């Protein structure tokens, strides 16, 4: 995979806050034109990672390349080519919507005025309203507008739909879709709303305590991660059965083993252990997969 | 079309399955066009790549054919293929039901009896689970 | 450096300072109104009152306005430098594609323009009062004092504004330093005030410029929280 095809490439990126690592040896590869969903619990390091991608934070170690640029050195060019929607919307509160749009647009080399007008209408924004009067949902939509109208090659969204009601969330995502559809634009977003990730992402990264636990295409993750319900006579699963598994939960004689590389071979291997009986294989949705990856990590610490 | 973003089934499979059953049921007639990638993606609020993958799957199965620049169209023997696939899907469903029944201790005769009753109930009109 | 960016930032900075500046302009002539009232009252009591004493009172009004405008400049500069960090708008700015240098140029242009406005107001006021009275036209001294004091107040508030996030603290610091300097100069030369004027002007301008350069350097190195 040549560098040209990658929108984002990071290697060994580490950031430490107050002696505890917020992000540890992060390795990401996001192909151009794909959607990458970043999921993980609060404080896992998602916002820190995104800020480093945008050049707002300097990593303590490792290299980052976004659209072939160094976010620390080429930040002006990067900001021209990347649209960023932060978690907290901190625009000028005293400006009016129209004023803020005009102010923001004046810095960009490319600004799609038609799309801007279209989005203002679609999002039902009133240009005369002061930003401080806007509700959370309107602020989110405004932030999105400001990020997409300068024709960015990539969108960086940090928890874009956090705290929004389902209808507004739908409108927001619709807005993203309309601007992103098929122009080789890359989207990198972090979210707590797993259903959004499942709808949008081509690839998913699970992060916990600053560590990337998994980095896989969505279908691979969904079809390859399954929970296997086992009955163990002795009440304890043999070591070799658990090795490489994502998570294991035992209560009494019953065990739930979550594996990340499910296939007929995996089942055969389990059946080969004496005293182990496979009861059933349970499919998992993305939310359950996320939870088990995190539980598994915490278990092994 | 409705998709469940929380399901364990990847979305592209859900879309493909939806269209497959639609073809089998006559919702999509041979020769008719499927909605464009972008249109369907917008309608379902999903990644256009996902719709693309669903369409590619259907194309591979011979249910639809792509005409350059125009779109995807339902093929003539799509209905048969779709019914065949539906048959496969039901077979898989039955297999799981039987496995679950056996795991909870039911014997073959019980299972057969339960199946016959279900078949009768549903045919009589009523979707009793 | 792109002119387009600087112009956009300039528009924003002017808009940002509008309220504080207009408020300052409204408050600035207060001492003069008061003085006028006193002068009118005195004149009514005794029309033959010596023009000199009335002129002196009017002169004090002009000086009071000049001193008040010092406070106004500190407030405007303090607000300009701190308000964005105070309400976290600076974080939003950090997402936009312009350089720190462009932001600095815009701030300097805005601050200088607004400070000059106050300078001109004072000059106009003095000219008007001079027209009606005979205060003695010490124009050269007047302008030099204003520029010297102005430079030091400007520079101190500028530096304080880059170091503190609160506009009030920046303004207070911006005034405290000049006052402290002038008091110490005056006290140390209480016995022999000759040469005090020159010392005063040199120190004010020197420190003012130094603080300005220091503040600008800090500004360029700063990363707005993003």
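Worth pointing out:
A, B and C are the chain letters, set down in written order, and residue numbers restart from 1 in every chain.
As a convention for this text, contacts are C-beta pairs under 8 Å (C-beta built on N, C-alpha and C of every residue); 3 or more make two chains touch, one makes a residue touch a chain.
As the structure is a computational prediction, the values presented were derived from the model and not from experiment.
A simple rule picks the central chain: find each chain's mean C-alpha point, then take the one closest to the mean of all protein C-alpha atoms, which gives A. Of all chains, the one whose Cα centroid sits at the greatest distance from that of subunit C is B. Distance between chain centres (mean CA atoms), subunit A to subunit B: 30 Å.
Subunit B and subunit C, compared by their mean Cα positions, are separated by 76 Å. Computed from the mean C-alpha positions, the centre of subunit A lies at a distance of 50 Å from the centre of subunit C. On subunit B, the positions that touch subunit A within their shared complex are 3, 5-13, 37-38, 41-42, 44-50, 53, 99-100, 103. Across the interface of their complex, subunit A is touched by residues 4-5, 7-8, 11-12, 15, 87-89, 91-92, 94-99, 226 of subunit C.
Those residues of subunit A that touch subunit B in the complex are listed here as 34-35, 170, 173-174, 177-178, 181-182, 194-196, 198-202, 218-219, 222-223, 279-280, 283-288. Note for the complex: subunit A touches subunit C at residues 51, 54, 56-57, 75-77, 79-80, 84, 86, 88, 90-93, 95, 99, 103-104, 106-108.
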